[in-house]
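Note that subunit A is present in both complexes that follow, paired respectively with subunit B and with subunit C.
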Partner chain A sequence: MSKVSLVVDGYLVQAEPGETLLDAARRAGVEVPTLCFHERTGTRGLCRLCVVEVEGWGRPVPACATEAQPNLVVRTETEALAALRRVVLELLALETDLSHDAGTQTLLKRYAAHPQRWSAPLADRREREPVHDNPFFVRDYAKCYTCRRCIDACGEGVQGVWAYGTTGRGHAAVPGTPLDLPLPETPCVFCGNCLQVCPTGALVPLEELSLAEGGLS
Partner chain B sequence: MGKPTPHTPHPTSHREVPVMTPRVSPDRIVSTVCPYCGVGCRVDLYVKDEKIYRVMAQEGPPNYGALCVKGRFGLGFLHHPDRLKTPLIRRRKGAELEPAGWDKALDFAASRLARIAAESGPDALYFVSSAKATNEENYLMQKLARAAVGTHNVDHCARLCHSSSTAALSRSLGSAAMSNTLEEIGLSDVILVAGSNTIETHPVVGARIKKAAREGAFLIVADPRRVGLAEVADLWLRLRPGTDAVLFGAMARHLVDAGRFDRGFVERRAEGFEEWWQSARAYTLEFAEETTGVPAARIREAAERYADARAAASYWAMGITQHAHGTENVQALINLAVVAGQLGKPGAGLNPLRGQNNVQGAGDMGALPNVYPGYQPVSDRHVRKRWKALWHVRQPETPGLTMTEAFESIGAANGVRAVYLMGEDPITSEPYQDHVRAALEKLDLLIVQDILRNETFPYADVVLPAASFAEKHGTFTNTDRRVQRIRPVFKPPGEARPDGWITAQLGRRLAQLLKRGWSEAWNYAGPEEVWEEVRLVLPETFGGIGYDRLEREDLRWPCPHERSPGVSVLFTDGFYTPSKKARLLPAPWRPPAEEPSDEFPLVLSTGRVLYHWHGGVLSRRSALSQAYPELKVEVNPADAARYGVRDGQKVWLTSRRGRIRATAWVTDRAPEGVVFAPIHFAEQPANRLTLDAYDPTSKIPEYKFAAVRLEPANDVTPEAAGPG
Partner chain C sequence: MDSAPLLLPMLDAALAARGYLEPADIEAAAREARLPLARAWEAVRFYPRYRTEPPEKRFLLVDDPVVRARDFAQLWAELEDAAPRAEAHADTVYSQGLEAVGPALVIEEGARWRVFAPVQAADLQALAMGKLPPHELEALPPELARGGGDLFEPPDPLPEFSGADALISAVREAGLRGLGGALFPAWRKLEAVRAEAADAKYVVVNGDESEPGNFKDRWLMEHNPRLVWAGAALAARAVGASEIIFYVRGEYAAARARVEAARAELEASGYFEELKTQTFRGGGLYVCGEESALLESIEGRRAEPRLKPPYPAQAGLFDRPTLVNNVETLAHLAWIAAHGAEAYRQRLPKLFSISGDVARPGVYELPLGTPLAGALEAAGGDPEDLQAVLLGGAAGTFLRLPEAAELPLDFAAPQLSGDAVGPGALVAFTGDRDLWAVAEGIAAFFAHESCGKCFPCSLGTPHLHAAVARRERGPQTEELFLALEQGSLCGLGQAAPWAVRSLIRRFEGVRT
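On to the complex of A and B.
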């Protein structure tokens, strides 16, 4: 199959057929910021942080979920995109405790985000109690912005046990177990591959938590 | 639209550092290899204040960013109070173990070993190496036996797990390892998994096989138990325990009979077809249905799917090997692969899933009584001459005893009098436990070298505290022949030292006392120097694998030179037999050694569960024991009703050799007539029930078939659980 030629931020890129705009950008050495995307879990297209502009297309598209096509002209950093990303990040920061998420904090700075311009931090997600229901790790969903990587790692992406799903809908959707069952009562095998891909520190080994808390006291 | 602006790399990109949160900032991150199973997952250990607080999988093969519960949460044993920290000696039988310095303990051990060797000959000594130790340490252990002492009495725990695979693969194909690699799982159109509870025992591989099945590979599972993979299989062959050779024999026979075998492959690349075919004729589909209990149509479909696939891989483990006819079971799988032509191409092959992190390496390094490193046979005069030249010391002519034979011989005339155990706990791992206890009591000298206090510890005359995988340098070889570096995370606790150092110290002393070779030859500067010796003596296999290359490259054997990346798919050009052809050999089925009777009507099968590891010495000293605290035996609902057992009730399992108390788990995972007991619980040892029937070729014990009786335990006193 022939390669797909397109332009990303002025660079001519030869992408393999089936690759996404994100893959194409990475081929050119262009880093598009991502939050939910993960190669192993197959998570994509949720956080809208990786949106890019394509010349002639009416609206921005998520780079991680859009297939590269011949002769596209793609821009990954524009003022409009920066504004969009800024809002996405601000809304995440409003309702999530990002104190242990170094990556997103860096992005917040990079896009000059000021979450407070919308409102005071929203309590209903931030005040969720950590779930400690197994001998290995804690699920501290106050720190979770529902990127779904854990759900995909548990199911289709890696482990194939589907112990997690989302509960609630739309804005209130959060990862959790079916019927809020404790993990030992689900098909969970405690591989911790959810913890492996968690970008925010919401899923954390007990050992790490006790070390951190011991360090504070 | 604005013009492009310069970019900075995104800090959480998967190409950059692994996901990391600043809740705790690590003092250091050490890249090493998981110590549990043979998959050989590569891990990053996050360390703060001399404690591992997070284990992250590395990207790339063999584990591609995934781990299982044992590797991720099961390393608590490293800091357990039962870690051995000082050398101990027992001056005479009946005395207490007392602490001693290293020099004193080593002198004591070496002089006792030398005295017994002088009195009864070198064959009165026995050396048990370890599939948990590094390649370097295994090499030294067999060198200690062969060079410093002058006996081939050396073995390791693969005797109890894949010795039958090794025997059958060596004689048929000339190589005793996975023919293909774990990277190729996604390339197979058909995957046949036989006698392997992969989801629990090799979880990372299990998850990848499951994913391959979701993505379209046709998954055939042959297992009496409804194991995790059976639940997602396209075709589950629920055969009766112990009838594997009939099943695979009938599949191969059907292919030839129906003309659907790979005639070209058999004619060009195999030999012994006629003789095999004569032996296989009796295995008709009807006979197989009657014997295995699997409908003939299913056997036919499995055979045809396997043979017609562009690439079909077979994976197997203890369900095939741990039988008194284990070698024949493996041979039947080999014959099937040969007649179907499923060898020597990507995504195909014969793939024994090895249990221990370095069991492949222990065999490669010659920790076996009949072969030198590189599987060079002891019985070959030219081979002995070569090793004599390499080590400058005369080589004994007769092969040594296998571990199972050695334990049998204790107490007999010309039997074994002294045993040196490196990381082995025979009381929990050998069959017929009461027999093993009696044997150990009769020993004149028992040296226990381990990281943790184990069940065999009370019988020791010398205790040598060893460093764990996280406290030393070296290499492990995983199940698909990948040689990987391990690196120290901590200093060993107390006075514990790496196994290799201890063995080399004993080697130097024994060489001196027994006047065999140069004792200076045992002054190794470290593991790398040992490895350089391995490369020198086995250039065809390891010549290209140096520590420096392992720092930056993925390498597997055979890797003959510095530019070789290591061969992934074996047998593309020829087999490693003298004729370069695969040998088809008869694989006659025999019934199990002990048939169920009126008194013992059920079949006991033993094995592992997800949360534990072998004798439980490691896993039960970590957080894993909270997830699976006590012995549960799987009982089929029909049997439960028949013997009046409820789910969760305490039961007695009794065989002709003893009884154990357990909790019943009533589940249709176990077929009717079969109970399954995990082996991890030293105080409720499944091996009190198993029998010492051995495969005649490989001497592997029949762990997977013993006749037992099941009764509800009506009493509730814990004393009743005492020695039965």
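On to the complex of A and C.
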């Protein structure tokens, strides 16, 4: 199959057929910001930080979920996109404990985000108590922004075990276990995939946690 | 349909038996549906009716744009005061398609809903003494369809299928659009599904009407479901589908019963021939009306919009090509099949749900292109007395009167100013109504209905509601509007800021 030629931020890019705009941008050396996208879990299209403008199309489209097509003219950094990303990042930082999430903190700086301008948090995310229900790791959902990578890694994306699912709606949506059971009572096999794909530090091995806290626990 | 039974109907059966779900019910339903327990639990924790504890008695004040403009605050205060004295919990529930007959109250006991409308403050006070409001309402009154109309008449005789080519070209010549709000040319969808080769194809009737201000689909489902089924059967034959699923909004109990009764009658009369048909109880959330979220909910998942492409025409229900059409669209299709494209073009009928400050709120069939003032006058409204109309519904915009009086209500003219007829709601407001209170109700609605999938909507809609409640305006609010409109995955988040933005633009700009 022949390559797909398109323009990303002024660079002519030759993408492989089937590649996304996110892949195409990487070929041009452009790193489009994204929080939820994960190659192995198949998670995509939720955080909307990677939306890019395509000339002649209406609304911006998620780069992680849009296939590269011949002759597209794509812009990944415009004033409008920066403003959109700034608002999403600000609300995210206002509502979520991002203290263990270096990646998002870098993006907050890159987009000059000021979460305080949106006054007080409205979701009760930060009030969530950490779940200690197994000998291996803590589930601290005050730090979770529900990107669902853990759910996809556990379910249809990788492991096919289904120890997790999304519970609740709107800003109250959060990963949980079937019937709210403790993890050891679910099909969980403690493979550790969910910890590996968690970008926020909401899922932390107990070992790491005790080291970080000076071995107190 | 794929061989495993569907999850939601099984959960509903357990719910009807006990009023709430026990873990064993959920485990049994998951097993039967051949879904992981985590998947069934996702559905239970997504759809509001799946309670897992014995439900308390609830008094629910119906919250819609009409009551928000009037005495919502007073009625709510009365209800909050009365409910505990009747050992009930006071809450609100969003629009139930009762804008023309409200204010409305729902009394929920177990899995049973009783609707009362209209109610007054005194009726709510009397609840404390154990007295029920005087007017119980099972369905919309048939006479709410006012002034006559082709779509109000049952099909007699039932239209016959004249071949796919003939039907699709008639629909094309008629200029029929998707009348659930998106206004997409109907023939293109038909053609797209027809062109797919697959082992199974579906037609799904979208009867999930949940957008505040709209009730024309409710009326059609309650009073003319045969016309809609006829349209669905014709469409199924045209695209080569073998099964029709009629998805009725979860809360519309009478509509569901009447749609099912019409289905059973038509089946008994042999009208469906080889077509399989079923009536499906919707999930009970606004987002279920988004066509891909609707398909997810039939499949027993959280009703979350899918990333597109692929579109339902290519990969819809159970990944099969699926035609999803709104109730009114299919009613029109049946009429076109019966009377031809030319007769249709001479009439260009469109249903409007007209409510608010007009003398005769109801469902009106008016020719497409009727000027706004003409539509309001048809319902006994006086455009001179009105300051504004909410056009389309909650996902619509405020038009200012008298400036917009001559605006033709068609598919093109409103779009020139960034407005749209949408599903056809017109909510009228006189000069003494507080439009900000209406906008606040709409913002609360979107925050409540956000599914939680994409970040801009799940984070942005609560902050939009807070901003509107504070009557904020200015550059920062505009940034939030844009993040929602440009960043959200589906029409829900995208449309959330439209009403308040139009209010700011049209009512707070430089006045002449």
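For this structure, a couple of remarks:
Quick note on the criterion: the second predicted complex is superposed on the first by the 211 of 217 C-alpha atoms of A that agree within 3 Å, B and C clash if a C-alpha of one lies under 4 Å from a C-alpha of the other, contacts with A are read in each partner's own complex, and residues count from 1 in each chain.
Assume a residue touches a chain if its C-beta (ideal position, glycine included) is under 8 Å from a C-beta of that chain, and two chains touch if they have at least 3 such contacts.
Note that the structure is a prediction, hence the values are computed from the model and not measured.
Superposition of the two structures on subunit A shows subunit C fitting alongside subunit B with no clash. On the chain A superposition, the C-alpha centres give an angle at subunit A of 120° between subunit B and subunit C, rounded to a multiple of 10.
When the two structures are aligned on the shared chain, A:C47 is found in touch with subunit C, with no touch to subunit B. Of the two partner chains placed by superposition, A:Q69 touches none, neither subunit B nor subunit C. When the shared chain is aligned, subunit B comes close enough to touch A:N193, but subunit C does not. By the touch criterion defined above, A:A80 lies against subunit B and subunit C together after alignment on the C-alpha atoms of chain A. With the two structures overlaid on their shared chain A, subunit B and subunit C come no closer than 12 Å at the level of C-alpha atoms. Once the two complexes are overlaid on chain A, the subunit A residues touched by subunit B in the first and by subunit C in the second are 35, 80.
Here subunit A touches subunit B in the complex through residues 9-10, 26, 30-35, 38-40, 53, 55, 75-80, 100-104, 106-107, 110, 134-137, 156, 158-160, 184, 189-193, 195-201, 204-209, 211-212, 215, going by the rule given at the top.
Within the complex formed with subunit C, the subunit A residues making contact are 35-36, 44-49, 51, 59-60, 62, 65, 80, 83-84, 86-88, 91-92, 95, 117-119, 122-123, 145-146, 155, 162-173, 176-179, 186-187. Contact residues of subunit B toward subunit A in the complex are 1-2, 4-5, 7-15, 19-24, 46, 48-49, 51-57, 59, 64-69, 72-73, 199, 203, 207, 210-211, 214, 232, 610, 623, 626-627.
Within the complex formed with subunit A, the residues of subunit C that make contact are 23, 26, 36-42, 45-46, 285, 302, 307, 447-456, 458-463, 466, 476, 479-480, 482-483, 485-489, 494.
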